[in-house]
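There are two complexes below, and they share subunit A, which is joined by subunit B in the first and by subunit C in the second.
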Partner chain A sequence: MKFLAYLVSGISLGSIYAIIALGYTMVYGIAKMMNFAHGDVIMVGGYISFIAANYWGLPTVVSIVIAMLVCTMLGIVIEGLAYRPLRSAPSLAVLITAIGVSYFLQNSALLIWGANPKAYTPVVSGTLRLFQGQLSISYVSMVTVAACIIIMIALTLFTSRTRMGKAMRACSEDKGAAQLMGINVNFTISLTFAIGSALAAVAGVLLCSFSPTLMPTTGSMPGIKAFTAAVFGGIGSIPGAFLGGILLGVIESLARGYISTQLSNSIVFAVLIIILLVRPAGLLGKNVQEKV
Partner chain B sequence: MKKVFAIVLAMAMVFALSATAFADGAFKIGSSGPLTGGAAIYGNAVMNAARIAIDEVNAEGGMQFEFQAQDDEADSGDKAINAYNTLLDWGMQVMIGTVTSGSGITVSAQAAEDRMFMLTPSGSSVDMIDGKDNVFQVCFTDPNQGVGSADYMAENFAGAKVAVIYRNDDAYSQGIRDTFVKEAEAKGVEVVYEGTFTNDTATDFSVQLTDAQAAGADMLFLPIYYQPASVILSQANQMGYAPTVFGVDGMDGILTLENFDTSLAEGVMLLTPFSADADDARTQAFVAEYQNRYGEVPNQFAADGYDAVYIVKAALEAAGCTPDMSFEDICEALVAVMPTITVDGITGQGMTWAASGEVSKAPMAVVIRDGAYVTP
Partner chain C sequence: MSTILKVNSINVYYGNIHAIKDISFEVNEGEIVTLIGANGAGKSSALNTITGLLRSKTGSIEFNGENISHTPAYRIVSKGLALVPEGRRIFQQMTVKENLDMGAYTGKDGFEKKLEEVYTQFPRLKEREKQVAGTLSGGEQQMLAMGRALMSSPKLLMLDEPSMGLAPILVEQIFDIISALHKKGTTILLVEQNAQAALAVADRGYVLETGKIVTTGTGDELLNSPAIKKAYLGG
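Now for the complex of A and B:
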């Protein structure tokens, strides 16, 4: 029964990682850059929904929509101001800029909302109890898992079936050629950031419902873990991010339960190193050979 | 031209002298604590309350104090030392600080070397006072809290099965846990489970809670700060696990956490030397003034900060210090008198100190009912 309980908590934690990882992987797949500010967009999403629900008294669903809208705009603005001018710069410059944006968001949040933690009210409350209460699954976990699966399927369909999705895949393969084919590359990349940031808002709401506390650094550690999950599953691959996130959550939870609560993070990252040694492109990543 | 210059210089010197003479009328009390960051609630509480006490002392017209607070963000490295150095540059003669143990361990080592007298309102780690004759505490040391909690459980909850969840990358939490477990064994309190977490894993406690529940724990001891504690309370509630939760002074503050559902903390017990609903006149006057100035009910940290000012005053009076003395001389004088004085404060009647820096006063257990502390 303990095993099931660990598994449930691992899967719900993993689903949150997966949603965040989907955002990382989308942006990486199309813009070929690591958006390290993604974790902090999650935090902004958490704060916006907190404010909408608690200060303005709006219903939960409306607060989530507002958080998604604000984060979408934030994502587009970040991309336009910080990343677009560096489109042709070396990838190291973009990486450092992304870290800069991350700190900028954290410190802005510190200025605007202050340092004191806030207690977040979970979007859904209550728990399903099974086996005479020996196993309990919170509704938040179920919503998280469901949201994660829906988002993964929607994104897969979007990139494989729609015209915009096709444009994204084209940009991902070759930006220059895509432009020659009449695809608006800048618009496509902006759209990618918009989708990634809207996902970050959803992830923020779910993360804060799972662990009901909100601080300017709330998004940092989950952001890093989700980045790991994205690499684990094969960065750039949507099912890979999903698989990586769930596996990471389950490994973390089981490691904490059966091996040591102190070593869980070390074990997670050790697994990552081993996977990357065996499969450098990640679990579902394509091993593309670079032509010189 | 030279003459004019000489006159100007002479006048400047006279002004400078009179300025120092004026400043010499007051002791310069410095304090450092987290005014921003995750532990800001403690730092601000101490500073706010210290200001009230200092205004009261100054209004009496006898001994005069000047006060300055610096932000150390509860950091145990550069930030704490920078805050301390800023205070030294300002001319601090006595330090009421630091607020947290992490910064305190760093700063007290420096203060011991510089010979700066330090009285920490709430830095409860033994490492803060260990081996330093010039550092004293207003609050209990961590071991005291662990021992006190185990004793209280042994007396009031005989036969309880206790689970401990503590943060093992934090000296404060680890320190209390160590002495708690030792004393629990001595007193026959059964510890059935121990779970740990670190700063990086303070978001998900479902595994620890599952284990605690599976081990049959009906009491949960949380020697941690209120922010992770709020997450634990919320996640335990979601799991439908309802043990009696027992906290220490770090739990103080949970009721002022913004948007926190206080019903989650219903029945939480904690050991604290201060309760804002105590009915003695001095506590009531302090609580009223604090509410009047800052719009909230003071917590235990505020009370520690308030008492710290009066303890420093009592010690300075007993030692016969004057504001023109250097901080080294004041330090030697205060170190000599601290073990001899007895101070009545709002965190305890008849507080006395050992030469090691440890305070002796009686702890009191409070329980949270309907979002307020009451005595059980």
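Now for the complex of A and C:
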């Protein structure tokens, strides 16, 4: 029963990582860059929904929508101001800029909202008790897992069925050829950041509902873990991000339950390193072989 | 005969490398014009400049009387100009059908009809419709690249070394298709290293050497010119 409990909490934690990882992986797939500020967009999403619900007294759903809108705008602005000018710059310059944006967001949050943690009210409360109370599953976990699955399916359909989604895949393969087809690459990249950031807002709301202390650094650690999850699953792959996120959550939860809370992060990363040594492209990553 | 493409003294640089040196040429409606030259002569650079992927420092490019030298690359195809790029550059991880779909990205309607036409032209593509493009053979990939460009119903089709890396029988097939497209009224600008085959189908040709146009003439004139024979046709 204990195992089941750890598994359930691992899956729901993993679902949050998966939602964040989907954002990382989409942006990487198209812009070919690691947007290290992604984790901090999560934090912004948390604060915006917190303010909308607690200060302005708006209903939960509305506050989530507002958080998504704000993060979408933020993602577009970050891409346009910080990354677009570096489109043809060396990738190291882009990486450093992304780290800079990350610190900028954290410190702005510190300035605006202060260092004191805010007590976040979970978006759904209550717990389902099974087996005479031996196994309890919070409704937040269920909502989280459902949200993750819906998002994954929606993204898969979007990229495989819609004109815009196919254009995104075309851009991710060859930006020059995509332009020859009439695809506006800058717009497509903006759109990708917009989607990724909207997902980050959702992740922020769910994350804060899980561990209800909200601080300017709230997004960093989950961001790094989700980034690892994306690499682990195979960077650029949507099902890979999903799988990577869930596995990461489960490993973390089991390690915490059976081995040690303090060591859980080290164990997670150790497992990841071992898997990447065996499969450098990640679980579902393609070892791209191009025909010449 | 009206001029459909007019390139006026363009100069293209890659950093310090002066790749295109004050080139001017034109293509008239209904013609096949070829640009021939050795490796590194600047043929691809010229085509990429016309499509807006590269920019010229000087001069202008007019298409259908409109100056397109500052038009963003992604707006070019909807004006009726399509390029089959060097090395095909099909979307390897997308299916054949999806690649053709991308070719019609800017086209509003008539997708099914266009698709039917392309499949009639290249029956092999229809057979391979659902296959991932990266797994096609080299010749099939070239057909896909051409089919993809035709999906936009271009007024001017530009081809960058369509015969590259293909077996002689396939080269012949590709040139047959080019002639067939020409007969149906498509204007074609053809870049080739296979000068013999290109000049044989072309109405006119330009010879490019280290970024400059050194000779021009009708296909036959160039085919029979001793200098060209010596330099490009193996004596």
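One rule holds for everything that comes next: the second predicted complex is superposed on the first by the 288 of 292 C-alpha atoms of A that agree within 3 Å, B and C clash if a C-alpha of one lies under 4 Å from a C-alpha of the other, contacts with A are read in each partner's own complex, and residues count from 1 in each chain.
As a convention for this text, a residue touches a chain if its C-beta (ideal position, glycine included) is under 8 Å from a C-beta of that chain, and two chains touch if they have at least 3 such contacts.
Note that the structure is a prediction, hence the values are computed from the model and not measured.
Once chain A of one complex is fitted onto chain A of the other, the partner contacts of A:S253 are limited to subunit B, with no touch recorded for subunit C.
Once the two complexes are overlaid on the shared chain, A:L13 sits against subunit B while remaining clear of subunit C. Of the two partner chains, subunit C is the only one touched by A:V185; subunit B is not.
Of the two partner chains, neither subunit B nor subunit C is touched by A:T156.
The wider contact with subunit A, measured as residues touched, comes from B rather than the other of subunit B and subunit C. In the superposed model, A:T60 lies in contact with neither subunit B nor subunit C. According to the touch criterion, subunit A has no shared surface contacted by subunit B in one complex and subunit C in the other. Chain contact summary for the complex, subunit C toward subunit A: residues 51-53, 72-78, 82-83, 85, 87, 89-94, 98, 101-103, 105-106, 134, 138, 141, 148, 152, 165. Residues 1-2, 5-6, 9, 13, 50, 54, 110, 114-122, 125, 127, 129, 133, 136, 138, 140, 207, 210-213, 215, 221-222, 253, 256-257, 261-262, 264-265 of subunit A are the ones that touch subunit B when the two sit in their complex.
Every residue of subunit B that touches subunit A in the complex is listed here, in rising order: 36-38, 40-41, 168, 195-198, 200-201, 203-204, 206-208, 210-211, 214, 227-228, 230-231, 234-235, 238-240, 257-261.
Across the interface of their complex, subunit C is touched by residues 163, 166-167, 169-170, 173-174, 176-185, 286, 288-292 of subunit A.
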